[in-house]
Amino acid sequence: MDIVSQIALNAVIAGAIYSLVTLGFNLIYGTARFFDLGYGALAATGGYAAFYFYTQLGLPLLLALALAILVASALGLLIEKTIYRPLRARKASGTILLVASLGVLTVIQAVIAIIFSSQFQTLSRDVAAEKVYTILGGAITQTQVLILVTALVIMLALALLLKYTLFGKAVRAVSDDDEVASIVGINTEKVMGAVFAIGSAIAGVAGVAAAFDTGIQPTMGLSLLLKGVIAAIIGGIGNVYGGIIGAFFLAIVENLGAWQFSGEWKDAVAFAVLILFLLFRPQGVWPK
Amino acid sequence: MSLLETKKLVKKFGGVRAVDHVDVRFEAGMLTGLIGPNGSGKTTLINTLTGLLPMDGGTVVVSDNVALHAVRPTSIATYGLTRTFQSVRLFEQMSVLDNLLVVLTERNVWGALFERHGKYHLDTAEDILKKVGLWEKHHELAGTLSYGQRKLLEIARAVSMRARVYFFDEPFAGLFPEMRKVVSAILHELRENGAAVVLVEHDMDLIRSLADYCYVLDSGTVIAEGAPEAVLKQANVIDAYLGK
Amino acid sequence: MTGKIWTWIAVAIVVIGGGWWLLSGSSAPKAEAGPIKVGFIGPLTGDAASYGIPFQNAVKMATDEINASGGINGRQLQIIYEDGKCGTAAASAAQKLISIDHVQIIIGGFCSGESLAAEPITTANKVILFSPGSSSPKLTGISKYFDRNYPSDSLPAIKIAQLMTQKGLKNVGVITETSDAAVALRQAFVDEFQKLGGNLIADESFTTGTTDFRSALTKIKSANPDAVYVIGQTPASDELIIKQMDDIGLKTQLFGGFELFGGEKMLQDIPNLLEGAIYMEPSLDETATTTKSFIDKYTAQYKTFGGLPTIYAATSYDAVYIIKDMIEQYGMNTDVIAQGLRQLKDWHGAEGTLTIDQNGDPQFQYAVRVIHNGKVENLK
Amino acid sequence: MEYLIHIAILVSIYSILGLSLNLVVGEAGLLSVTHAAFYGIGAYATALLLTESGMNFFLAMLIGMVITGAIALLIGAVLSRFDGDFYALGSLGFNVIVFSILLNWQSLTNGPLGIPGIARPSLFGFSFESNTSFLTLSLVLLALVWGICTLITRSSFGRVLHAIREDEQAIQVFGYTTTYYKLVIFVLSAMLAAVAGALFASYITFIDPSSFTVNESIFMLSIIILGGLASHRGAVLGAAFLIILPEALRFAGFPTDVAAQMRQVTYGAILILLMLYRPQGLLGEYRL
């Protein structure tokens, strides 16, 4: 019995991190309408910033995390202003923005590797002394519970923000059709900037979560991003809530796959699921 | 002999019936006008007949024998149907000449791979382009043409298909008077060659001068049909246009 | 029109760039005067960089020491570092080092893939390729000019299999990284262990860069093995595996490949989880003078070995000194050096005593290590 | 001098890859991120045939092309039902799946150990051992591939591909079953990539899965984007530029320990600058 519950717990933990990645990605894709590969590097930035503040400078945990998320958000905003905005002003196609974001990913990953070396780093200072809870025979550590809670809190916060605030309505208007939105008087550039800032902040949180759960290396951005994109499509691309279902669905399939076959086919299983969804249900489980 | 006929054709968008049990016939050698206020379903009808939108009911009969319940865009050419687009869909980053040559080529893949352009295709393309006055620009990219020229190129593309049924979706929009005469002449010529020409148009004078028969559509249903003079005088047609 | 300008600018850059570097490179003075140039090929970018960079540090440290003490026959030693990307890019690196820098000796191919890609080029040009880290059995006796001071994989795995059967551990689980060295080690272990009647009840593997092993470990736990043999390419992934084993409550006798537990970072991080873990490593006698001084100097300069178990750093450090001895004894003629390397007997260095056999493979004695309350001891 | 020949051989191999990928991306407008998979299948098929049965190189290459073409037919059939971003993502998924198979199907491909000892080509007794002879062989094959590509793009088939690139539905209305066209060009481009794979395997005499990853596909994409889409000269110039640049940067005097990462920064920056100032690449005329 406890094996099944352990698999389920593993899936829930992985699902929480994927959902954080998907949440931010969907927010940005929904409004900016292109696959932002640079988003993966922002998650890595968040993870490394937390590593720098917490492990190297030894700042208290909460301060370090807050600063890390701020750094990721600021970087995301800077990239949007200097690279994506001029491209959008020139009505560049989604593919051009995709290739530009690939350049951003490569540069950030290399800069991180230069500053922090390509070593695999772990974040937690006191690794071994961690409380472990057992639920129905499956084990889950304290940090993992924390990650789960943060993921749920952010999902709720974002949902409320989008639904009930004026800013949320503006975001949804821009994501529907930015030309119409600008005619109606919404300053689309400001909204776009805010969306990138929030999306990058969530990416930072995802990076920090991955850093605490397992560890960080410069090339962590791309694999985290690809899983987030698969989850977004399964859930329904552009739909912030659907992405969460997609994330947990992907995590369950991956962990079951690892259970049936063996671990090295994990990525192949994830992409096979993606292709099946693209074939039979491209609009995803919960279309926008 | 009707080249194309619809029986109780239906097209729904959610609950809205954009095309509501429509019966129309397009006779060979006749120019049929399709008129009606904006949003009456004219373009939806054409899009459904040419396979861009899937049918939700009724049948389409091609030249009195082939009854279809679904039309795929790739198959309409085999039934001798072709069309232009209200929103002008040209191949922007291809030359004007290529925009025509591309529809004159072999349809099957292997034929197209080994087909070099013989004089025959080039000559046909040349005299059609000369007819619409675009021959001097034949090396320029379609994207660089003016709106009127793009309309003419689209008409030229349709004409070069040598089809039996032509759908022209507001071909005269944006053309200066000189060019309107050219297009009217082309439509006449097509009709004389025995093709069924379907013209979607708002300009009543054009309908009166060109159409042999016409249908008036309003919110998805045919509210009147017949010779243009008689139809345009009917009360319900005028109400439909001027709004009740 | 601007398209044309852009083309000529691009072509100009390519031509001028090519010309400039061709001149600067090939006109280098003949080998006699000036510094002795030795090449270096290792994984400096990508996933494998986490153990490529420490390998570079060890070589740099040895070089600085040699140059500080007057170099080789009075000439300074200059190492030219090239990125092999742990794969076929090593061919370009080797070709560049040979044609442009005119090196006679190359330290490297750290990953087996790099050595396999560079060997055809170095052998064709009679250049010595000395690898301190490639463990693939396919490299044994591959060429007169290829030698290595890092053991081929089969040896430690076979000894671990024998040890397990002696201790009566019949049902064993294995978790392996899909990288060249780890896969070869696993294959050697499985063949030997099953020959000795052992029962492989769980056989999991993971791709490089995986960080979530929980489900694979849950599968191993469900088979409740007597022992688990953890074969990761770097201590970093092994540390994660052992932590997540603890997370899901998988308590079993631990066996390790590649001297993984020797990495001192792991001993600091999770000492209690490693209690009783057994692993095999070339008899790197930490107390031996040369080894001790090397470890102290290295940790002083680079703080940690990072992802590298000490044996990799030791073999890289020794490789430079072996090259120095060879040049001092035999001069720069690579044919003579190639024979010299094959006669290397009981050479003392940071890795302990080294003998290279006729196939260019090192003879290593293995010490079985066990970890008790955070200390590494020899298993009797 | 040997080094220049070595670079020239790599440039001709990557030019073949650029030319063949351009057929799908530049001519038909389909953003395929799976070209490295066919490059890999071609390389492995040829390598296995050469090492196991010792047959003639050219026969092994032809068989490799047929095998790659067959697999491309299956993958193409699935992909030709997607469009836009989903096509790119689906193709990326197939690349990950093929890479996982090359890495994990150890009984066939030796997995990460790769296949060493691949013979150099020989024809009627003349063996292409020396690099100069191998260079001539590569240039002959490059000229052959260039010819085939020109034949395709100049024919009516090529013109229909351009129409698919511009407005697929419009050309369908004129009676073209575009899925066949997309499938045929996808298979042809994969078979030409197999030629490059065979050349690479026989030249380096050792292959392992690490040279056929998604990053490699992205590198090939940047070759034709830099060189200019729908332009054969652009594909070759792009290949020359992006192969020579990292080699030239070996001499750029970056401090040794960051030299490798600095190359990645330069490469990423080039992508960004290209998209900002010259999206149609150096010689291209089709803007993405």
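Going in written order, the chains are labelled A, B, C and D, and every chain counts its residues from 1.
We take it that a residue touches a chain if its C-beta (ideal position, glycine included) is under 8 Å from a C-beta of that chain, and two chains touch if they have at least 3 such contacts.
Computed from a predicted model, the values in this text were never measured in an experiment.
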Starting from the Cα centroid of subunit A, hunt down the chain whose centroid lies farthest away.
B
For the pairs A-C and B-D, output the one whose chains share more C-beta pairs in contact.
A-C
Please identify the chain lying most centrally, where each chain is represented by the average of its Cα atoms.
D
Geometric centre distance via CA averages, subunit C-subunit A, whole Å:
35
Mind checking the centre-to-centre distance between subunit A and subunit B? Centres are C-alpha means, answer in whole Å.
49
Intercentroid distance (Cα basis), subunit D paired with subunit B, Å
43
Roughly how many whole angstrom separate the Cα centroids of subunit A and subunit D?
31
Each of the following residues of subunit C touches two or more other chains, namely 45, 49, 53, 178, 205, 207
Where subunit D touches two or more other chains simultaneously, the residues are 100, 103-104, 261, 264, 285, 287
For subunit A, residues contacting two or more additional chains:
110, 113, 264, 267
Chain contact graph: line, ring, star, complete or other?
other
All pairs of touching chains?
A-C, A-D, B-D, C-D
Interface with subunit B, subunit D side, in the complex: residues 152, 155-157, 159-160, 162-163, 165-167, 169-178, 180-181, 184, 285-287
Given the complex with subunit A, which residues does subunit D contribute to the contact?
31, 78, 81-82, 84-86, 88-90, 92-94, 96-97, 100-101, 103-104, 218, 221-222, 225, 258, 261-262, 264-265, 267-272, 274-276, 279, 287-288
Touching residues (chain side subunit C, partner subunit D) in the complex:
3, 6-7, 10-11, 13-14, 17-18, 21-22, 24-26, 44-45, 49, 53, 56, 81-83, 85-89, 91-92, 95-96, 98-100, 112-113, 116-117, 119-120, 125, 136, 138, 142, 178-180, 183-184, 205, 207
For subunit A, which residues are in contact with subunit D within the complex?
34-35, 83, 86-87, 92-100, 102-107, 109-111, 113-114, 226, 229, 233, 264-265, 267-268, 271-272, 274-275, 278-279, 282
Over in the complex, which subunit D residues touch subunit C? Could you list them?
1-4, 6-7, 10, 100, 103-104, 106, 111-114, 116-117, 200, 204-208, 210-211, 228, 237, 240-241, 244-245, 247-248, 250-251, 256-257, 259-261, 263-264, 278, 280, 282-283, 285
